[in-house]
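Letters A, B and C name the chains as they come in the text, with residue numbers starting at 1 for each one.
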Amino acid sequence: MSAPLLQVRNVSRWFGGLRAVDEVSFNLESHEIVGLIGPNGAGKTTLFETISGFIRPTKGAVTFDGRDITGHPPHRLARLGIGRTFQIVQPFRDVSVLENVVAGVLGPNRETSDPRAEAMAVLTRVRLDHRAGVLARNLSLPEKKRLEIARALATRPRLLLLDEVMAGLTPAEIDEIMVILADIRREGIALLIVEHVMRAIMSLSDRLVVMANGRKIAEGLPATVAADPAVIEAYLGRRHHGAA
Amino acid sequence: MDLLPLLPQALADGLLLGAVYAIVAVGLTLTFGVLRIVNFAHGDFLALGLYLTYLGATWLHLDPYLSLVLVLPLVTLAAAFTYRLLIAPVILAPEHNQIVVTLGLSLILQNAMLAIFTADLHTMPSVLSGQIVRIGNVFIQAAALIASAASIAVCLGLYWLLRSTELGRQIRAAAQDRDAALMSGVNVDRMYLIAFCIGIGSLGLVAPLIAPFNYVSPSVGSSFTLTAFIVVVLGSMGNFVGALIGGFIIGLVEAVGGLLTGGSINFIITYAIFILFLLFRPEGLLGGRRL
Amino acid sequence: MKPMLALGLVVAVLAAVAPFLSIYGQHIFVLVALYGSVALAWNILGGMAGQMSLGHALFVGAGAYLSTALYLNLGISPWIGLVLAACLGGALGALMGYTVFRRKLSGVYFALVTLALAEMALHIVSNVSVLGAANGLAIPARPSLANLQFTSKLGYCYAALAVLTVAAIVIIAIHRSRLGYVFLAIRENERSAAALGIDVVQGKVIAAAISGALAALVGPIYANYVLFIDPESVLGVTVSIDALVFSFVGGLGSLFGPLLGTVVLVPLTELLRGMLAGRLAGIHLIVYGVILVLVMRLAPRGLWGLLSDAIARRRA
């Protein structure tokens, strides 16, 4: 078997004395969906920002497709094939939905014959084509979440990092996103998902990586991880102390 | 020519000038630190104060020091109006819009003064004009000494107000976290108004004090605005003590620089310092914002 | 090629109308075209890429002084000066952009750096005797095409219109290309832009370079129209503020709003100036200030926004 698509090796990120991420390692194969879970403040978002290039790791290395990408700026990672969404959706508010996605098509600076048609095709994939002409600011939250996915898809990623794309959605809206994500994986795009919606992450993920207090405390099949005493302790322990 | 004997005089001039720069900059840094708004019309309120002093002298034959009782409340009132009319509506707007609104205000104030008073320079003599204090070979105008002392006193007074009073605590709360302050019952809008009025009002206090040894023209305001920006960036935006230190540094640089070069080259040095700081140390000497 | 066709049509109409204007009308024509070009150039960086400059006088002044000094001292034709001015403006813009944006400075910091750079340039030129210092440089009147000087105002109308056309072509070309989306993404949200593969720093530097080059083109034309430049008239802060005012009043996000702002405000200024006959100096700047504040309060998308809203409502 060839090298994994994404390798995270002993990655640490310190903020002053705080070890937000502490010696975390895991792999992600192409075509795989890995869920990254953990209580609030576990360091998931920091790890996410590190992998997508928005934060430099203090120590450790990240490789993508066998190439060392540690500390590369985000735009270069996007061009290599790592797409991402933001937890707080950040659409280009004052332009149309279609233009948002066209920016995604053109962003990585590769050859395209018809960016608008390509963008339209991506919008169809996330079932947002009927809203193409609307200003992005006028979308509903679930639509904005799908636009966020569409824009990242438009860059033609091989790995998509999704940061809580289901947060704040109703069960029906979550189901909709899950269908879209299943479609995306069928197209051969690997996914790394940070999510608090357990139902979704348990059914979508091939494997789970669990973090607590900056460290990886478990990794494996969803069912195995869910039964892991350390994981239960991390979640319940927090709840006992009254953390949200 | 040997410049060394002139150095003590230049240092004294620099310190006197620096104290005035400090208070002007403290007002700017206060509005920035609390309201998060960069006021490009800041110096124009100083010019307004100077013209009011001038009017007091020509119409009412008031000595600049006496006109203080009129100028301070009038400038503060102007600040309150400005806050309600222009600043409050853009307090949450994008930074570009805030800058443009204060730039627009500066255009209006500066050119209204130009239209009313023309570009002529006016002086505002006082009983103290021409009074010189001599210390060794250093000659100091009494009026300048008073203005500097008052500036430092006001700076310290404002620092005490912010640090040690309930009002100061509330202003700082509003400055640090608008939402948290709102939730804990602080009237943020009111704190913004007060901070803005204090920041501008201190100019109304300084204007009559520097009037006896300065002239006024419509462009005085923008040159003070620029200097205040330089001081504020040097001393870290929003940092009170930084503005004080920055004021003295720029005062000294201008006075000593003037001794060495003279004229317009002096500005080049000041701007060079400004640009280098903006580029290489935008957080200023002290870093962070601390009120 | 529809926008280019429309542009060609507009330019043809303007060129056809210019000879029939009065001398005064032609004077206004030249001013609008020159100020409009600076505003359009400003808008590439300030509006399209969202980086507000308070120092575009630096580019206009650099262009004016470069071509004038080369002509007066070395006898180099202002036409060559014009090309060199654009190169200098582009280089200054790129250099300024690179030093500032690489350090992740934006917003008010960028505004202050640009303001300080232009002011510093003004004071430097005021001290350089080859550039006439504070007294400025007078260009002897020797009308000929080679000298970029014309016997009638009509010639200047066409020269100014040519610069304006260049600016418009560049803007349309940017808007239709990837670069247009790069600028849009940077303006709207830098983090998202980076996540989409856009090099944010590079994008801003390119915007600054193009903007600087176009603004610098105006300098030599202005200098040869007035036949006199001094630090205040081409490097002064009012040059920068004018570009900003026209752009904001016309409509920041739009491509040609800044031109609309110029078309409305410059004739208004001249009208006021004529009516007051030199009294109440600076009254037009009060008007600018009031309009600026009103636009910010009532129509943040400027006249262009008002216009397009009205058209949309008419259609609906």
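Of note:
We take it that a residue touches a chain if its C-beta (ideal position, glycine included) is under 8 Å from a C-beta of that chain, and two chains touch if they have at least 3 such contacts.
Computed from a prediction, not measured in an experiment: that's the story for all the values here.
If the chains shown are joined wherever they touch, the resulting network is a simple chain of contacts running from one end to the other without closing. Chain centres defined as mean CA positions place C nearest to the mean of all protein CA atoms. We define each chain's centre as the mean of its Cα atoms; on that basis subunit A and subunit C are separated by 43 Å.
Look at where the CA atoms of subunit A average out and do the same for subunit B: the two points lie 49 Å apart. Separating the centre of subunit B from that of subunit C, both taken as means of CA atoms, is a distance of 32 Å. Taken in their complex, subunit A has these residues touching subunit C: 52-54, 73-75, 78-79, 83-84, 86, 90-95, 99, 102-104, 106-109, 151-152, 154-155. The touching residues of subunit C, counted against subunit B in their complex, run 50, 52, 99-100, 103, 105, 107-109, 111-113, 115-117, 119-120, 123-124, 126-127, 134, 237, 241, 244-245, 248, 252, 280-283, 285-286, 288-290, 292-293, 296-297, 300.
Interface of subunit C with subunit A (complex): residues 178, 181-182, 184-185, 188-189, 191-200, 253. Subunit B makes touch with subunit C in their complex at residues 38, 86, 89-90, 93, 95-97, 99-101, 103-108, 110-112, 114-115, 118-119, 218, 222, 226, 229-230, 233, 263-265, 267-268, 271-272, 274-275, 278-280, 282.
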